[in-house]
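Below you'll find the structures, each written out as structure tokens.
Note that chain A is present in both complexes that follow, paired respectively with chain B and with chain C.
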Partner chain A sequence: MVDRIYRVNMTDLTAKVEDVPENWAGLGGRGLTSTIVTEEVVPTCHPLGPNNKLVFAPGLLSGTVAANSGRLSVGGKSPLSGTIKESNVGGTAAQQFAKLGVKALIIEGQPEKDNFYSLHVMGDGVEIKEEPQLEGKGNFAVVDTMLERLGEKTGVMSIGTAGEMMMPVANISVKDPEGKLRSAGRGGLGAVMGSKKVKCIVITVPKKATVPIAEPENFKAAAKIFAKALMEHPVSGQGLPTYGTAVLVNVINEAGGLPTQNFRYGQFEGHDKISGETIHDLIEERGGKTRHGCHTGCVIQCSQVYNDAEGKYKTSGFEYESIWAMGADCCVDNIDHIAEADSLMDDIGIDTIETSVSMGVAMEGGLLPFGDGEGIVRIIKEDIGKGTPLGRLMGSGAGAVGKAYGVTRVPVVKNQAIPAYDPRAVKGIGITYCTTPMGADHTAGYAVATNILKIGGDVDPLKKEGQVELSRNLQIATAALDTAGLCIFVAFPALDIPEAFSAIIDMLNARFGISLTADDVNELGKTILRTEHEFNLAAGLTNKDDRLPEFFSQESLPPHNVVWDFTDEEIDEFWNF
Partner chain B sequence: MRITVRLFANFRMDRFKEEIREYPPTLTVGEIVSELGIPEPEVGIIFINGRNASLETSLGEGDTLSLFPLVGGG
Partner chain C sequence: MVDRIYRVNMTDLTAKVEDVPENWAGLGGRGLTSTIVTEEVVPTCHPLGPNNKLVFAPGLLSGTVAANSGRLSVGGKSPLSGTIKESNVGGTAAQQFAKLGVKALIIEGQPEKDNFYSLHVMGDGVEIKEEPQLEGKGNFAVVDTMLERLGEKTGVMSIGTAGEMMMPVANISVKDPEGKLRSAGRGGLGAVMGSKKVKCIVITVPKKATVPIAEPENFKAAAKIFAKALMEHPVSGQGLPTYGTAVLVNVINEAGGLPTQNFRYGQFEGHDKISGETIHDLIEERGGKTRHGCHTGCVIQCSQVYNDAEGKYKTSGFEYESIWAMGADCCVDNIDHIAEADSLMDDIGIDTIETSVSMGVAMEGGLLPFGDGEGIVRIIKEDIGKGTPLGRLMGSGAGAVGKAYGVTRVPVVKNQAIPAYDPRAVKGIGITYCTTPMGADHTAGYAVATNILKIGGDVDPLKKEGQVELSRNLQIATAALDTAGLCIFVAFPALDIPEAFSAIIDMLNARFGISLTADDVNELGKTILRTEHEFNLAAGLTNKDDRLPEFFSQESLPPHNVVWDFTDEEIDEFWNF
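The block that comes next holds the complex of A and B.
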């Protein structure tokens, strides 16, 4: 179908379908959400007020047969960081939107009444409906209700109770092909959806809807080369499918960069009990699945189905970041406690990274002893899920918890929690945490690949040399990948296999009948970063926000006993492009 | 000399997780890899005492050697 913009106004509860403005035509995914947010959202607005907008956009290649192209970008102004935000997620929604010709769904305004609504996106528009029976429901119940009402193939995006309560840790859940959940996790966009009083978005697609391809033969040829490269590269073809992303627990622990006990140490004694190797063995023992894709057409299959000790389904999408955060950062070495917490967080609809890092900070402040996995599970369920005063605090993110407990070791940048690599021992990712417009985010420019995993080159993780340039190049390339709708893990083969990289450009050209070059794609990445940076500056941020917390420069990290030693000038050099 | 060898991911299969092993002095990572029957092209990440090393790096008494295949995540 022809691409159009779907716009829903929640103030007067109307929806319209518009032509795509010329300057948005070549954009998708993150490039489009960030452009729309910059053009239409007042940078100084309150993120939970009527002037913020929530924007969903499938990538440029989403909905096609291109492998791993089913990623969706969700954008808006973040209530956690106060910055522009793009949160990236799998599931079925990107492909369904693309097939319907929904180039972007923009939700604006705010209703006066206190009711929650569903938005039903169809071929000819959007139906807005009051949903009193969904209020107070968790994500799993919302998905079940909607599938029962509209059929198994229905796409569902929803918020849990945390989103309804507009907690800054609230995420947006997206149904995957098996009815399990993926999350647009970071930056509290679930709270923005809650502020618009949208409980869920459902998508139904006519059976024969397809994405038009300008040059089908060329597309097919490039897609074949691309899929072959993904399957041949040892990381995307072997490591990720077998051990999942949690294979990194042992890698980063050995490298001395696994943040432990609220970023006090770089190694965790219980690392092997929460490692990808252990999880792999447990899944096989308990009859789960070691391979599972977050969207149709994923050939990497890094997700899994994890069962409890009785062999009953517990969770999926059990990622390195979540396992590290609840595990090493909170010193919990019981993998079943972590799995229980992961499942609860999916249902309540909260970011596993922000929530768990908040727990680590609260443990430092004395709320619970480090290692108390059962205590964490209880607080998530009884306090965050139900919105008690303690739950409201824990659902406000690591920065707020640090203030409430008088803790100075608070690992955040732009008030967003730092993920699973200590920047003192993996310096390249530290530059990404500082400079990405998103607040601390490892996916924005994954320098860990080159610092530790030796993919796409070799830059010493403990030295400053080359890190700013590395992070800049990766952030530019990632912005382009996020625009294409490709999974970030395609970067592993694309960095090592030249044909894989050219195949991406060939697919874009064949999809739209255009003739982009590698330089054009690079320029696109730069433009997206600049656009996002300008939004942040207009929102009141300065270069002083591009910094790590003070303790990283003052406390040395064992075992390498390293500190963060970049000068302000060295960091600011990042934006020199 | 005594070297602690740690193996990860599929390198553990039919081998071991961690062993303290006795080797003659002046030895490179490549020689240990070959002694363990691991094909060199399969070796992705090498740490000696938590620092990046290569197949050519020499080991010393008491070192810890960690070997991974090419893996990634995030």
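The block that comes next holds the complex of A and C.
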């Protein structure tokens, strides 16, 4: 179908379908959400007020047969970080939107009534409906209800109770092809959805709907080369499919960069018990699935289906970040406690990274002892899920918990929790944490690849040399990949196999009948970063926000006993492009 | 005695006494604390880490017989606002420091051990002592213990349990001449004291210690004129002594600017029940004191001793701000509930404004119903005082509570709670809230005087015209008064009676044998503001932080149905001096 902009106004409960403005035509995914947010949202607005907007956009390649092109971008002003935010997620929604010709769905305004609504996105527009029976429901129940109502193929995006309560850790869940959940996790966009009183968005696509391809033969040829490269690269073709993202537990532990006990140590004694290898064996033993794609057309299949000891389904999309955060960072070495927490967090609808890092900070502050996995599960279920005062506090994120408990070792940048790589021991990712407009975010420029995995070159993780340039190049490339709707893991082959990178450009050209060059794609990435940076500056952020917390420079990290030693000038050099 | 700098290093538990650097010689009070903080504190440091400093400085006139000159400035980087902070307080400490020749006490570093200490400031230095028996004690018990140990005349400054727990709402208590408490309330400096593990500072002054006066006769003459003006002005000589600061309840309610139900309305139905007039009658009925000075030499005596229904002492320094915040803002019209809360807040050591405004925001978020005075008392005592998770959340301040509960009507500037005058209906004070480097602070430039009380002129409170200039002039003058150690209420006569203003300059000149002009004093005020602003900019704040929350522009305030309508450019004009 022809691409159009779907715009829902929750103040007067109306929806309209608009032509795509010329300057948005070449954009998709993150490029489009960030452009719309920058053009339409007052940077200083309250993120939960009527002036913020929530924008969903499939990538430029989403809906096509291009491998791993089913990623969706969700954008808005973050209630957690106060910055612009793009939260990236798998599931079926990106491909469904693309096939419907929904170039972007923009939700604006805020209803006066206190009810929650569903938005039903169809080819001819959006139906807005009161949904009193969905209030207070977890994400699993919402998905079940909507699939029962509209059929198994229905796309569903929803918020759990955390989003209804507008907690800064609330995420947005997206149904995957098997009815399981993926999460647009970071930055609290679930709270923005809650503030607009949208409990869920459902998508119905006519059976024969397809994405138009300008040059089908060229597209097919490039897509084939691309898929082949993905399957040939050792990381995307072997490591990730076999062990999932948790393959990184042992790798990063070995590198001395696995943040442990609230970023006090770089190695975790219990790493083996929570490693991808252990999980792989457990899954096989218990009859789960070691390989599983978060969206149709994924050839990497890094997700999995994890069962409990009784062989009953427990969780899916059981990622390295979640496992590290509740595991090493909170010193929990019981993988079933972590799986239980992961499942609860999916249902309640909260970011596993932010929530678990908050737990680590609370442990530092004395709320519960390090290692208390059962305590974490209890707090998630009984407090965050139900919105008790403790739940409200923990649902405010790691920065807030640190302030409440007077903790000085609080791993956040722009108030967003730092993920699973200690920046002292993996300095390239530290530069990404500092400088990405998103707040601490490893996916924005995954320098771990080149620092640790030696993909796309070799930059010593413990030294400063080359890290700013590395992070800059990766952030530019990632902004472009996020615009195409491609999974971040395609970067591994794209960095190492020249044909894979060319194939992406060829697919874009064939899809739209255009003739982008590598330089054009590079320029696009730069423009997106600059646009996002511009929003943040207009929101009141400065280069002082492009910094790691003080403790990283003061406390050395075992086993390498390294500190964060970049000067302000060295970091600010990032924006010199 | 000759003025010197007392410097305590809590990392190695040493103290030294230093000569006063030349560029600090002409400074005292806020001028000195802000200069020291700007010169010695890394603006981006963690406020609770070893790189922050806590600075105490008496005013230039403190310790002399000048009326109302016993105010102390406490400075540091605020854990609440992240800005530079000067918190101003009465009590005996300023005069005692001045008589000892303590031009400033600087506390720096942080001990490794988890014990709390007392600092005993004497003529020849500071004794640092472990005080295990004081841990977990409230301020009243600390004062009792130290007076018993060192005698009734001992000066005491302390933190309660909130300061020990490093809550962002924690204040610093200062003993008054009768052994009751005054508070350096705003900005969480009690948490900074707690982070340095200083539970209390005690001061012993030799009996005959006096402040040297360069020109005693001139000083005496000027002091006489000054005191006479204070007593002759209707506000400082009559309104405040008779009814205390709570005389403002009915005045501001009448003006439609009394923030009610979390800044939803400008008038409170129950205003009569919490007014200065009602309190005055109750005090007389119950055998308290309607007049009471927070420091020796105060001729205004706006404080009081408030007894409970049984005639037993309940609280002192029962101020308009506290009464408004728990009263109108939380819709509590039971004055005894407010008094009970006030007494508890003094003991636990928390800012009454920040804490009560947090309660109003929590009420908006559904934690407890508006009007539930007993609920507030319970939360203060059982939760904040004991550091439960709810207490930790409420102890984080109004901004944090707003984020946790997804509330958009959160009255803060630079994350500090807005005090007792709605900026929509008293626009001059709104400009002060926006622009003062302190975060929302009415005392920084009390435009209410000219907007409502018609002191120093008449600027229509509902119109924008003249407000920026008014606030600027008042902020400059206030910075100078805070440097002299004078109570803010001397501004009333100083604005209306030319001799009073001259007398202040004459006293400064006679004290030091110098020849300042009015222009010099004005320049001093400007320099202080610029110094503080410079710190904030270096800490990462921008002009975007000089703004009121969005809702003030979106929601009109009854009964005048006015909104906040300043443009960004109009506000930024403030710094054009």
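The rule is simple: the second predicted complex is superposed on the first by the 577 of 577 C-alpha atoms of A that agree within 3 Å, B and C clash if a C-alpha of one lies under 4 Å from a C-alpha of the other, contacts with A are read in each partner's own complex, and residues count from 1 in each chain.
Going forward, contacts are C-beta pairs under 8 Å (C-beta built on N, C-alpha and C of every residue); 3 or more make two chains touch, one makes a residue touch a chain.
Quick caveat, the model's predicted, so the values are computed rather than measured.
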item: Touched partner set for A:Ile452, first chain B, second chain C, both or neither; value: first
item: Chain B versus chain C as contact partner of A:Pro168, first or second or both or neither; value: second
item: First (chain B), second (chain C), both or neither touched by A:Tyr405; value: second
item: Partner chain(s) touched by A:Thr242 [first = chain B, second = chain C, both, neither]; value: first
item: Chain B versus chain C as contact partner of A:Pro461, first or second or both or neither; value: first
item: Which superposed partner A:Gly256 touches (first chain B, second chain C, both, neither); value: first
item: Residues of chain A at both interfaces, chain B in one complex, chain C in the other; value: none
item: Of all residues in chain B, those that touch chain A in their complex; value: 6, 8-10, 12, 17, 42, 44-45, 47, 50-52, 66, 68-74
item: Of chain C, residues touching chain A in the complex; value: 44-46, 48-49, 51, 79, 165-168, 191, 194-195, 367, 383, 388-390, 392-393, 395-396, 400, 403-406, 408, 538-542, 544-545, 547, 549-551, 554
item: Touching residues (chain side chain A, partner chain B) in the complex; value: 234-236, 238-240, 242-248, 250-251, 254-256, 272, 276-277, 302, 320-321, 442-443, 446, 448-449, 452-455, 458, 460-462, 488-489, 492, 559-560
